[in-house]
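Next come two complexes built around chain A: one with chain B, the other with chain C.
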Partner chain A sequence: MEKAKISPGQLAALIFLFEMGTALVVSLGLKAEKDAWLAILLGLAGGMGLFGVYVSLYRQFPDHPLTSYVRIILGRWIGWPLGLLYVLFFIYGAARDLRDGADLLISSVLDQTPMIAVSSIMILTTGYVLHKGIEVLARTAQIYFAVLIILGVLSNFLLAVSGVIDIDRLLPVLEKGWSPVIRTTLTQSFEFPFAEMICFTMLLPYLNRPAKGIKLGMMTLLAGGLVLSFSSAMDIAVLGVDIAGRATFPLLMAVSLVNIKEFIQRMDVLVVMTLIIGDFFKVAVFYYAAVQGATDIFRIRDHRRLVYPIGLIILFISAIIAANFSEHIEEGNFALMTVFLLFGVVIPIVLWGAAWIRKALRQSP
Partner chain B sequence: MKRSARALSLLSISAVILAGCWDYRELNELSLAMAMGVDKTDAGGYRVAMQVVNPKEAAGRNVAGSGVPVVVFTGTGQTMFEAIRNVTLKGSRRINLQHLRDLVIGEELARGGVKELFDLLERDHESRLTTRVYIAKGSDSEQVLKILTPLDQIPANAILGKIKLSERVLGENYEVDLASAIHGIYRKNGGFAISGLKIMGDADIGENRSNLQQTDSLTKITVAGMALFHNGKLTGWLYGKDARGLSWTNNKLKSTVVNLECAGNPGNIAIETYHSKTKKKARIRNGKPMIEIDIRQTGKVGEADCPVDLTKSAEIRKLEKLWEKVTKLEVEKAIEKVQHMGSDALEFGETVQRDEPKLWKKIEDKWSMIFPEVQVVVRAETSILRTGMRTKPSMSSK
Partner chain C sequence: MLQLDIGDALDYVKQSFGGSPDVIVRILQLGSHPGVRMAVVHIDGLTDKGKINEFVAQSLLLAPSEEELRSMDNQGGVLEVVLKRTSTVGDAKACGDWNFIMHALLSGDIVILLDGSGEAIVADLRKFEGRAVAEPTTEVTVRGPKDSFIESIDANIALVRRRLKSVNLWLETFAIGRISKTDVAILYIHGVADNLLVQEVRNRLTDIKIEAIQGSGNIEELIRDQTFTPFPTVFNTERPDMAVANLLEGRVAVIVDGTPFILIAPTNFSQFFKTTEDYYQRFDFGFFMRIIRYFSFFVTLLLPSSYIALTTFHHEMIPTVLVINLLAQREGIPFPAFFEAMLMEAAFEIMREAGVRMPRAVGQAVSIVGAIVLGSAAVEAGVVTAMMVIIVSLTGIASFATPGIALSNAVRMIRFPMMLLASTFGFYGLMMGMIFLVAHMTSLKSFGVPYLYPFSPYDPWRQKDTIWRSPLKTARTRPDLTMKQGTARGDSERERHET
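Moving on, here comes the complex of A and B:
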């Protein structure tokens, strides 16, 4: 572990940006059609509970990241390989998000640019920040938190003034009943982005004021989920569920409808900036979790040695992960229900149970 | 040594990254398409016409050149994309769709169905959903795009200006953008309405610059009627008062002029609408859907050509009642006509789906059959707020 400390405010900024990340711009929850916002709210409820599990683990091992307390809880023989798997999982997560960001950027604005050019610039920047350490990432997050809020308020204001928001498009609520909503929650909006919060188990030990940090973190998580839900409802109210559902990039489509007196229009750049900022932090947090995990399990003294090698791995995985965007999305949906569910939900809950039993056993004799 | 090698590599990386966009396109290599027209070819493909700006002429600043402000290029292809790319055979610059304002669809194509048309415009990253859509009444869209317009140099802007103005002051048309066209056209058993454009005069003369060199241009583009669609196919047209009834029903009416008879006297009173708002609600009556339409409007007396004492509030109240009646009748007549044409451009389907989702599930598939029979109740509530700059009309002083 680095010798570094992050403040509750910085953690909150990181959580918020991570949660917005790519979830804000892609068609989150739209499998539930008009009720996407409800699916996200349900996902949020699950996500809060899950974060409670992560926090409870952190409270028992306040000085250790996830990869090291698995060894304490499950012993060296199971814990070490599991830690390694987690490192691979974090690398995979970073690569997926890098690919998401690059693919969306290319299909929306940079249509002739090779993907590797976009991805490598992104990974170089994240790598540079991580090389400087977690404190630098956290401070960057504070700045971009403000930028993202401004972008969000501005876009919503412009949409409202353009008069393109039609709340009627969200009605009727629950037209097809609860089942599509619950199905979407379970297969998508719970894992993405809430189960991905597992990355933060690698960051929590850096908190300088744990009690306050956890409280603020929880509140940010809640606020972020509400923003996601609101934004998804907004996409549908602006575009209608048919166009929003077909769009690879609904938020961009929605904001491109801004047109005030044929003068203020083409505000797409606001969304493109949102995408770049969100994607940056998503990749960065996964990436840092991977670096931190590898430093821990291989007992390397200085995390900086691993930053660029792991960055290179992430870059190449992001390029070979899928042959085209459809495959990438298809694979993503599959991964959410398997890989992300396993590493983000099942294993932490098992660990939590095991830690609890371990504690009980130790107290009883 | 090591230091300088590092600096050198950093510099060379920066050189690559800072050089800027990979896929940059300089302005002098681009043609900005302002309007696009689509027609059907005999071979079953598309013919696309692009109205692009001629930058030298459009720049203005008293360079009364001898050229024309826009140029129209055409291309054909089996798909829209191919047709657009084939346009480059004629133009020398890459066509950029980002500033596309108008999309004009030829009537013939519209009658055959436009469902295949919008995918490209939705999928392409350059085109935008704010582009306005029109139907070229009785002609090819290509001809419409070729007509030069006075006052507004660029015809694409002139068309948009006309439709906006007509929507704002007359209410017989309203602008429709790609986003809402896509909703309406792809809705199952749904209907939709799009404004029409018509060429008045000889289309060939309109292409010449000489069309602009007289006070009354020989060839003009006018806004004409609303084209009704059913399941993506044009089924008929609504004009004048009927089209205004449609605007009223769809809450698109902003301002208009309604003529009222002057009670007991010859002559007319014109009421100018300030503000109008329409709410649609669906109810169930005897297991069948029923639509209630509530119109609320305020206005003022714009012209009074008969001796009526406008200083008395009782007279104003009488006028309000009359205005209510006229509105109600006009809307009812328009609705009846639209129902007869079988195009749910009135968005009744959406209303039922929103207010009575359970009923909608049952009747969704048979909606085309049910729609013409749907019972409609129209209610209007009007208030006249002012009488303009005079009280009694000039006619009343003897």
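Moving on, here comes the complex of A and C:
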């Protein structure tokens, strides 16, 4: 653990940016077609419950990150390898998000640039920030939270003024009943991005005012989910479900339709900026969780010694993880239902149960 | 103890100075039969000659009265009598330590050596010689006081004292520099400035190990928190009203003898966008001016690089009519946009540097030739586009709109790597550069205060005087800049201010 503290406001900024991350620009929940927004809301409900589990674990071990309380709950022989697996999971998560960002940039604006160059710049910057510590990351998040809000308000305003929004495209609600919505929720919009919040179990011990921090964190989670749902509905209202469903990055496509008097047009760059900011903080949080976990399980005194080596691993994994973008997306869908579900949902709930049993056993002699 | 024999003492003084002829010694006799020999030593040029003559004639050379003769017979009586007489000039004291005496001599005091006494008398007869208080040259205001600090430390302290008639304005002096022994004073308002902050400033000043201090810039470099950053973490000003305003906010001023720029610590990013003028004008206009300054900060930082990114990577974002126009302009230009921009920015920096170093008389010629002739000729010759000239000039002008020159200089340097990033990665490179920059700035501290405070850590209660300038009537509480007691170094109390 570093000697650092983050304030509730900073945690909230991190949570919001993390949630927006890549989820905002990719076609989240669009398998539920017109009801994508509903699928996200359901995912959000699940996500809030899941965050409740994380918080409950944090309340029992307020001074320990996830990787060290697994050892307390499950003992050293199971806990330590599990901690190691979590570190690998965080590295994998960071690599996936790094790849997401790089692929989007290459397919939208930097079509001539090699991917490794794009990823390297991102990982270098992230590494620099993490090297300065969690406080610097959290404060930087506070500034970019404001920037993201401005970008969001601006894009929505421009879309509204351009007159491309057609609410009728969202109707009828629940055309095919609840089953596709629930299926999408379970397979996608619950795990992504809500189960990924598991990273924050590594950050919560830094909170300086836990009670307020958790309350604010919950509220931010809710607000972030609502924004995701809103923007998904917006994509469909602008593009129609056919185009939005087929597009890799519906938001990018939607915003590119902005045209005001032939003067303000092609505002895609706003979306690209949103993605860069969100993706940066998502990579950074995963990356930090991995560094923090490795520092913890290998008992290294200074987390800074691990920052650049782990960054290098993330960079290479992101490059070899898939041969092309479609493969990457396919793998992603598979990973969501397996890896992310296991590490984000199943294990935490098991831990939570085990912690309760342990507590109950302790209290009844 | 000094040498008892006055001849030995004088020899010692002469030897110490290597016989420099500007050390003036006058040997006098106090009383007669037998009387006491004494020597008045001073350094020519540092002391007020007229006053010395007056003092010697009217105080030292008078025949001793009966009473004085009586007391002169006592042990140490001579010293007492001469000290009493010297008191007419004010601030006189007896001293038996050569180090102190030499320092006083070099500072412009006169030293009276007495035969047979182990101590000498040091009296202040310094000559106050220097520039008169003039108008500020670097921080100009339209409406507000027109005086500025000068080189003399005493005059500078007086300028502050005149504005703050309070016993709580406390002053501490140091002599810094192994050879130069430059006078450095710290100034703060007791009860307003945080004690730990004052202690921290004191510590950093006493920790300085250097041969000579030439100006407050040296001190700034030696006491700042981080060395490897382009951003200034100590503020400097030549305006007394600015210094007073900062003292009232709980900051500490460091005045260095020989420099009209005084240092103020701690500082933060937003301070470089404030001028005292904001408070002399209406509050809404003050707010307006600040918005303009922040805007021009971003123009300086990002305009050339954004232009490069737009023309190299993101043509589609430019409105169609304009992009056709731009492409038509670029048709005959042999360079890529990045090279074109570097060429012009470099030319601008050369002109700017030449403009500063030039003798005043030819300065105007440089600016005319540089700005008008060179610019339009370059366009006509087809070396650069007219658009690029506009961009570069706008950037140059905007860089002058930041009141804190130190920050403006930092931005001037940073815009070059930004241009490089923009030319290789477009807006993505720019975004990464900006994230890097913001992260770097959040990691900076100035005497324990985070550099981007109160933007980050965000403090809603401090926003009323950062970009927004609230009316004076509503400014009831003192801006809590130094983040209160116990926070000059530690973090414990800071949490209270974060949200």
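We adopt the following convention: the second predicted complex is superposed on the first by the 365 of 365 C-alpha atoms of A that agree within 3 Å, B and C clash if a C-alpha of one lies under 4 Å from a C-alpha of the other, contacts with A are read in each partner's own complex, and residues count from 1 in each chain.
One rule holds in what follows: a contact is a pair of C-beta atoms (placed from the backbone, for glycine too) under 8 Å apart; a residue touches a chain by one contact, two chains touch by 3 or more.
Since we're looking at a predicted model, the values are computed, not measured.
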Practice task
Would you check which partner chain A:175 touches, where first means chain B only, second means chain C only, and both and neither mean what they say?
Solution key: first
Exercise for the section: In the overlay, answer first, second, both or neither for which of chain B and chain C A:257 touches. Expected result: first
Handout entry: Which of chain B and chain C A:82 touches, first, second, both or neither
Key = neither
Handout entry: Which superposed partner A:5 touches (first chain B, second chain C, both, neither)
Key = second
Exercise for the section: For A:107, select first, second, both or neither according to whether it touches chain B, chain C, the two together, or no partner. Expected result: first
Practice task
Please indicate which partner A:265 is in contact with in the superposed arrangement: first for chain B, second for chain C, both, or neither.
Solution key: both
Practice task
Return first, second, both or neither, reflecting whether A:129 touches chain B, chain C, both chains, or no partner chain.
Solution key: second
Handout entry: Partner with the higher number of touched chain A residues, chain C or chain B
Key = C
Handout entry: Which superposed partner A:243 touches (first chain B, second chain C, both, neither)
Key = first
Practice task
Look at A:277 in the shared chain and tell me whether it touches chain B only, chain C only, both, or neither; answer first, second, both or neither.
Solution key: second
Practice task
Enumerate the residues of chain A that count as touching chain B in its complex and touching chain C in the other.
Solution key: 109-110, 113, 117, 121, 262, 265-266
Problem - chain A contact footprint on chain C (complex, rising order) - result: 313-314, 316-317, 319-321, 425-429, 431-432, 435-436, 438-440, 442-443, 450, 452, 455-458, 491, 495, 498-499
Problem - Of all residues in chain A, those that touch chain C in their complex - result: 5, 7-10, 105, 109-110, 113, 117-118, 121-122, 125, 128-129, 132-133, 135-137, 139-140, 142-144, 208-209, 262-269, 272-273, 276-277, 280
Completion exercise
In their shared complex, chain B is touched by residues of chain A numbered 107-114, 117, 121, 168, 171-172, 175, 239-240, 242-243, 246, 253, 256-257, 259, 262, 265-266
Completion exercise
Seen from chain B, its contact residues with chain A in the complex are 17, 21-23, 98, 122, 125, 128-130, 160, 177, 179, 182-183, 186-187, 350, 353-355, 357
